[in-house]
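You will see two complexes here that share subunit A, one where it goes with subunit B and one where it goes with subunit C.
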Partner chain A sequence: MKLEQGSISTKDLMIGIICFIQATVLRSGYIVGITRQDSWAMAVTGFLFSLPLVFIYAALLKKHPGKNLIEIDDIIFGPVLGKIISVLYLFFFASLAALNARDLGNFVADYMMPETPITVIILIFMIGCVYTLCKGIENLMHLSAILAILSIGAIVINFILVLRDIQPWFLKPLFQLEPMRYVQGTVSVVTVPMGEILAFTMLMPLLEKDTKIVKPMVLGLLFSAVTIGIVILRDIVTLGPLAEIVSLPSFESVRYVSISGILTRMESVYAVVLVILFLFKVSILLYAFALGLTEILSRNPRHSADSEGQSCKAGYFKSQKSHPPLLFICAALIYFYSLFVFESVMENVNWGATTAPFFALTFEFLLPVVSLLVAFLRGNGRAKEVQS
Partner chain B sequence: MKKYLNIKYKKALPLLKYFSGNFHKKAFRSAAFLLCMLNILCLCSCWSQRELDKLAIVLGTGLDVGDLPDTLKLTAQIVKTSEINSGSSSKSSTNGGKAYVNISYTENSVLAAVRGITHMQNRKLYFTHNEVLILSSELAKLDLSEGLDAFTRDYEARMNVNILISKGKAAEILAEDVELEKMPALHIAGMMDNQKSNSETVVVTLRDFVIATLSKATAAVAPMIELQEADGKKHVILKDTAVFKHGMMIGTFGKTETRGLLWVTNKAGSGYITVDTQWGQVVLELLHSTSKLKPVKAKDGTIHMELTIYEDGAIQSNETTEDMSKIKNVEMLKAKMRESINSDIEYSLMQARTLSADVFGFGEAIRRDYPKEWDKMKDNWDTLFPSIELETHINVELRSTGGLIKPIVPGGEQ
Partner chain C sequence: MNLLLVCIAFICIAALEVPYMVKNKQWYSLTVYSVLLVSVFVLGALVASGIKVPSPIKAAQAFYKDILGLSFKSP
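Now for the complex of A and B:
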């Protein structure tokens, strides 16, 4: 399972980002709860405000080509402080993976298999993720094209099918809420689906052209923003004020589809797509976590091997990147983490509405900005010194 | 190396090997195989499995006020699958079997009643295919939130179930003598699908109803159903409309008022209008109608509603001897048609004002188009609503005279 640098094309990265964000889009309820009938506009503002994040990540990666986030921390902050920062990032990745696994578990347990314990659902799900990663992260990224077609196809088909039941005036009145709500909505969109692409910085060394990352990231976000907008728009015009009170607006709006009593129960399509997308998302997060943990714990750090030249880079360490050695342990950690992360859905919703944006912004915005500043202050020469 | 590995496997410690990063092919394959097996286990879902012969498929639900204080009686109409497959209805009637069973249980909440039925039946109620939800007006006058919340919140029940309010007991409606269908619930659900051809009944699904109750202004409406006895058989009949405010039924709309309501809310489809001319009766068929309601702010700051109706019609039957295809007569018929529509709306508006119930969604329309003004009005909307004026513009067209041009009994003016 040797992996050469450049096994993931920029196109795969773009589509991967679309799939990654799609998983959250299908659960758009938390945004509709904040900005009500204007929520579709949050897709636009969310996209605009997530651009700075992309530029920060791109600048960091451009300064250190061929390195992932954890390695960059070591270079910028030195071996000790760098490790501490890296551990913080890892905590973030692990939390996201656990939260998403829990989300999926809750969805399956609530809507489809109410008698099955959530532990079993998450266990099977995590086994699926591990199996996916065993097959190699690059294969998962290649597959993302199919997943994206599936999910976008499902969105388009569902949109056409609900057209019969839409009531466009549910969108009115436009932009009449308190301004604070729009800020809150935008921050939610920026932090929860969009900023989470921070996990992709762990994949960058595998990129074909690891310097050209701004374009695929921005395009991926743009596509995602469009689909977020369409999905929220659909939910609002079909459900109206009901969208604010149901727990999964997309699920309920698709559920209402009934074309002459034959074409009904479309929510099964939604459920299948949701499970597949969550599998993709948690796999990426699990990979980021496992790879980061491996690098923190490895006895001879990567940059010492680097001094021996590029040949080594494509050898042992690269093979680790396709399938990090600590994968099983990491998956087990995330599994147990997801079991006790929240006691109930209510707790989850409360956390999502109050704490989540600040929690996420710390890792998605604050730490990268500080890293970038320190990198600039220390300059390139100094950075190389630490490296050797 | 290989030998060493094999010994390791024999000692059944393959997991250790997995953590070391380098996979042995054979081990990996066996692990993959095990994973596949595990996934198959979850596919057949033995855990939460629900076999078809263990389900009681509910097609209709009735909610009544229970006999004991503070209780409600849930009646579930369940398909008897063996009877529904037994061919013609005559055969099943000779067996004396109906294609359904009605099970009732009285408890203090919906879930308690649903679970209570497990005391009486070997099958568990399955609500996904529920078609109609009938609430007795007795219950509707007390409190509706309990039943509706449970049905909206539950994952199993769907929101496209039809809502009806029964004048008597809901349980009795579900026990009507059906002739063309095998099940009363399917009969009622099919009837609701047909109501657009008379434009005299509101058709309301759970979703529409909840959207209306969520609004601070709109008064929710639901069709009413009644049991009538003729020739020793009990048949249901759709009649009138129930009007709700704050989750409680406060009054009814009759046939004319209901049609007026449908005109204003753009729900009128086809139907008929009988007009009396100086020579006799002419029946006009309504083919297609659309209406648009929008609030208009006058210069002095007051808001009134403007309703524009476009209506296409045709002459359906002419009981006079007069030639109605003459342009002069067509104009006369159009004027009568406008008059008739207008009077429907006037009746409806009058009744709504009496009840002070905004069934037309005036408040929502104002909120959408004039949110700032609405902020001032919303707190005393109940008192403001009766004073909101409605200005109607009715445009009617008579497209054709049907298959005949002149009446079958000639006479009249040539």
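Now for the complex of A and C:
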């Protein structure tokens, strides 16, 4: 692979995180269903509680600079247990990619192209993701600046255009729900949009040397939290009680936009932005999955190379292209997985609201914490051996 | 028809990567690639044939909900 360290700057990382989370922001209906008119506050609590995740990832990456998540597992846990844990992470990335591809397929099939089979929609979408990655993940990250401007611009413009339709009393009563709902809402925001930035740990070898990871991640999450808050606030003050009932409150609130009967159908802009953001998100997840699978199956993994950035060793999947060698097979796997992941939208919604936060917490919090602890203990053990 | 399309797609995927590996005598890579290709092809053939494939996510849901008891109430 031609990718080199320094292909991606910290600014690209920060903006990439913003774009990554934006795809889920625009589908924030699941949060409104839990905490109703107080959902905007989940953006604040979600951001605060996602900071420990960022610090854990940063600590792991700082201990092993220039390494991605799969390589770190091999170093910390050894070749056998490390691969088992890496397979679990890959299952997580593949499941996320399939679920997001399915979400996109459901959205397009339900709201844009109802007579087109969902299989065709997801197929074309996955071809787009593969094409994007064939052109290089670093180019996608460089493009994220334009995507971020596009999506944030769309959010701001839509907010301004619905201002005359807002009814601030829809925010009342404030914080009158049972505490467990706020816990559920916070955990949902921490795990589903924000914690998924775990996928970016697979891009770390592409960052510039001696890069501080914490700042771009925290800033990315902060900007995303602000946009989550603005979007949910807009949806609540526009739709009121309807926000809990509709599956896409953001889509429905944008439908209210009508300026002199001329500027209407703004939801089409929302739809295009959402498709592009989903393409970005699934591309990152697909890259993480394909690269991780390549690393696991390689006889001599990248981290055993003599010099940094050298990725072509004997036995390693050699490719002169800038994408992981198993990209096409991984894309096909995720395509078929997305077709049978859930039979109906209601199953998907139920999964997202009830079990998905705990499933995601296992990979976003539990495994990285255990990895950090083991790395710390092994580091202390080695220090004592050296002293003695 | 669906099965035929899946076959054509996988022949195209193989045509993109396999010649490079054969040309460079990457036999280990070719073996692993072939195993993966056949596995994903079988999965694709099952899905294209309309056979119900069990979803790993549903298994995970049952594990977390029924065995570990880790699940929020439906809102």
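One rule holds for everything that comes next: the second predicted complex is superposed on the first by the 357 of 388 C-alpha atoms of A that agree within 3 Å, B and C clash if a C-alpha of one lies under 4 Å from a C-alpha of the other, contacts with A are read in each partner's own complex, and residues count from 1 in each chain.
The definition used in the following text is that a residue touches a chain if its C-beta (ideal position, glycine included) is under 8 Å from a C-beta of that chain, and two chains touch if they have at least 3 such contacts.
Quantities reported herein were computed from a predicted structural model and do not represent experimental measurements.
When the two structures are aligned on the shared chain, A:Pro173 is found in touch with subunit B, with no touch to subunit C.
Legend: residue contacts after superposition of the two complexes on their common chain; A:Ser344 is shown touching neither subunit B nor subunit C. When both complexes are overlaid on chain A, the residue A:Gln184 reaches subunit C alone and has no touch with subunit B. Residue contacts after overlaying the shared chain place A:Leu326 against subunit B and subunit C alike. The residues of subunit A shared by its contacts with subunit B and with subunit C are 319, 325-326, 328-329. Touching subunit B in their complex are the following residues of subunit A: 1, 110-116, 120, 124, 127-128, 131, 134, 169, 172-173, 176, 239-242, 245, 252, 255-256, 258, 319-320, 323, 325-326, 328-329. Within the complex formed with subunit A, the residues of subunit C that make contact are 9-10, 13, 16-17, 20, 24, 26, 28-29, 32-33, 36-37, 40, 43-44, 47, 52-53, 55-58, 60-61, 64-65, 68, 70-75.
Of all residues in subunit B, those touching subunit A in their complex are 15, 18-21, 23, 28, 32, 35, 38-39, 42, 45, 47-48, 155, 158-160, 207, 210-211, 214-215, 367-369, 371-372.
Every residue of subunit A that touches subunit C in the complex is listed here, in rising order: 33-34, 91, 95, 98-99, 180-181, 184, 187, 297, 299, 315, 317-319, 325-326, 328-329, 332-333, 336-337, 339-342, 347, 350-351, 353-355, 357-359.
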